[in-house]
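Labels run A, B, C and D following the written order; every chain starts at residue 1.
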């Protein structure tokens, strides 16, 4: 990635942590950054949002794990990963050596899991902050997803905020599969979230016309990609409208700088690029450059000026 | 080499991949397939046999987001040659490219076939379009002074691939078809079983069931085998974790390994073919998924 | 549309009313059927699901009313229509004359509106049943959409069932924008719905990168088309799983016979084709033929056998 | 005719539309546009001047679902000719079609231009590619014995359209460009104002502001005008209700009318140009939307 110099100040912040670019990876869509190195300058992007990590190593679900859908895809990976030890030993030092910021996504099945992960990440070099992936089934509530219940969601966020390094902002990652996303947003902000990541995937299903059974091993999966962009933008719009001072990391189907611009105008102060990376491994640098050019064309001197502009 | 295994995991490639918009300079129907030639110098210069490329498909207005992985058949003079079978919408779109069209391609991807033991006679086994992936390897092995025997098999004559290219390069070529419409009637194993005893290494590319049969036959005779697997891929570069299958690592532990970056070439005795698509308790991290020792 | 003869019995039913084809239009995507006549044999399809009608004529919202999105579109028409009088005088007799079945979609902003509409449609020739579009803002509950609240939704359905012709089945049309679609489904079935139509559009937003304001006059709009198909299939799957005996009219992104097959396998006994008609005005007949052929290839003697097959 | 209006609403076309997959038999860049010729006999036979066709765009893997509406320029010998300007992804895809490609097209759609008053001299006014939509009309009017004056305007010379075709057909042709790069510098109204007094009917196609100016000028002089409007369309066949604009009907009431099936040709004095994109209280059904008389 070569960042074309524009006159636009592209710097932004994740909570209290300044970052040079508003363009980040999306959790689970760039692993731990390593594989993007041939295509993207990892130190120049806002941050590498790492694949959600849990306490123990996880194999993830059996295959098939994905199905292509019109302008999108369905996945059911099952959070395959090395566990927090693997992350601390291998991936985070690798990123830190390169000057890349890690925004570490944490996941668990009970409130204490999240808190323990946050505690383990205190003071770790290169960790710019935490993204709390609450789109996980809560084993203590018949598997209901934390993010679908304002109370369960805020329990997690409160525990993470209490356990985490005060210098690390924490962003709660919201699910769009709720009747009222604003009420969940409000609850987690009240519980101490410094920002909101939105959106996670939509719950979807594809049936294989040959086997006549669900395509994915996990039956349902998460829908991502440009197909869901209007839903993601609506969520960002609604939440920024209700909570204009809460930083939003916007995502869902961003593929171009103009897509990113829509999220910024709707209220996001940074964006994550997920599925588009599968299509274009150079997407992050390209989107940064396209967004900078788009802002310049529209007369913005800085990214910050454009955040939420569509509401004005 | 782990105790009891004939192969070591294939090492990573010499060069990282690049992403380029390249011109199609040749498009030729070959029986059931289309051979595409791409002016992709940087990819050609970096590619090693066994690696693949990943194409964006459908053009600018495309609703198909995911790349399509296609094995590199040969490289030379800055040109990358691939052989494509029209399976679904994406590969069909690829087969419709014409000279002058441009395509967005990432490569070379994945781990190449490891070098054979010194002086070993190599057996190359290709099923369907899988044979195309062995042409570059055949050339490289011959150039390095190895004797090369090749087997190409397919369901029927029109689904055979690269037989002419392999015939030009290899010392012997056997052909089998399920329906007997070309070569001997039967599966590739018919020819493999005969050739294997004289060989010191096996390389195979083709459908999973064929890979399993070839790997099992080789392992049974104590011959190391390397198979290039084909798993459904979303990214091709190692970031999505969709393309995994259970493979025994150098520490003897089974992990769900990404076929795009830890493969597509794996030791034939390391792929747990019977467990593909399932999750067994002895896979690293299966316990965290609730799958525990019975 | 020429229906190719296959050996497969394609007949199905909407509640108690038999129909010769499982393929219907979707409300709002084929107006009142008239304009499809050059492309589709209106008497051969399952039914024409009419544009949602309210008591009074409505102008609908100002333009722009739509935005194209990846593999889909956003609309904000605002239920433009002639009102129930216009429907009874003009559109319904026209359909009845041609032997086409009308499945009349009704909409309102208070419970009584729905009941009055149902009463006006009692015994009207050619009306095969009613689809109750509860994805409308409830003026008596600060504009919350009926379909987002199990109680409000069942109030509407109970009132409609009480007022409607007993010979006319009523289908409640559910919104996917809820945390738990099964609970809404259960509530409306308990309130007397004979079947469920699902899904209505997802709430979305697009920002115009030139004006830097929301593209649609109504700010948000409804997302439809193949983009949402995995979400629609998931909803049908979940509800059929929970309520296997309740007939489902499935919809959301159906474009081909194989798409329709997925809905049938997931539990739909009939399907509506909406946005795909904009792409291909001949879609209904084509999809009927493709579905029949797909069922035949898979060894089904009748459509009915395939309903819910993916759950077995 | 309603009291006070110079026009009656345009009647529906003689024939219903058809949907066909047709071959592109000609593709020719013309300044800023591409002229496509389609072997679409059934559409050609049914089409009347002022009607349009709607194309599916992007091919089989397309993520663009909605059809693109394009005015019919001329028909003849089973061939339909259209002129396309590359605006966004769909129309750009259309301009990239080559002879031999096939496209899925629906047409003819919409209401044609109504016949002029007996013996009237007709003024045809085209803005940008809008002029293409008038070529067929010019031919028809001349064949029916009418005198025809034409004005073609555009921002600059390269965005003028069909000037040669109109010159061959019309009795007089005036050209204007905003920047003076061809013809007179200025808006079409410059020429329209001069020609109008001698004309008994006006037909116009082009950007909304131009249509408004032409319609207003005609109405002011008591000349009936017909304008072919361009509203954003999702279906083109009248089923989606996205393409509406406020038009005064024969009963004198304003309705949000579909430009695809009740237009695209409307009486110039019946389109409420200033209210396009808004909802005023006197539109039928506005009260139900909560917009009531102030």
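We take it that contacts are C-beta pairs under 8 Å (C-beta built on N, C-alpha and C of every residue); 3 or more make two chains touch, one makes a residue touch a chain.
In this text the structure is predicted, and so the values were computed from the model without any measurement.
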Where chain C and chain D overlap in contact partners, by chain label: A, B
Chain centre separation in whole Å, for chain C relative to chain B (CA means): 47
Distance between the centres, which are taken as Cα means, of chain D and chain B, whole angstrom: 56
CA centroid of chain A to CA centroid of chain C, Å: 34
Junction residues of chain B, two or more chains touched: 63-64
Junction residues of chain A, two or more chains touched: 70-72, 225-226
Arrangement of touching chains [line / ring / star / complete / other]: complete
Chain A-facing residues of chain C, complex: 67, 69-72, 74, 148, 177-180, 202-207, 209, 212-214, 219-221, 223, 225-231, 233-234, 237, 253, 258, 261-262, 265-266, 294, 298, 309-310
Contacting residues of chain A [partner chain D, same complex]: 70-71, 226
Complex contact set, residues of chain D against chain C: 16-19, 56, 63-67, 104, 106, 231-232, 234-235, 237-245, 255-256, 261, 276-279, 283-289, 291
Touching residues on chain C, where the partner in the complex is chain D: 28-31, 34-39, 51, 54, 56-66, 68, 70-73, 75, 77-78, 80-81, 83, 217, 225-226, 275-282
Residues of chain D defined as touching chain B within the complex: 57-64, 89-90, 92-93
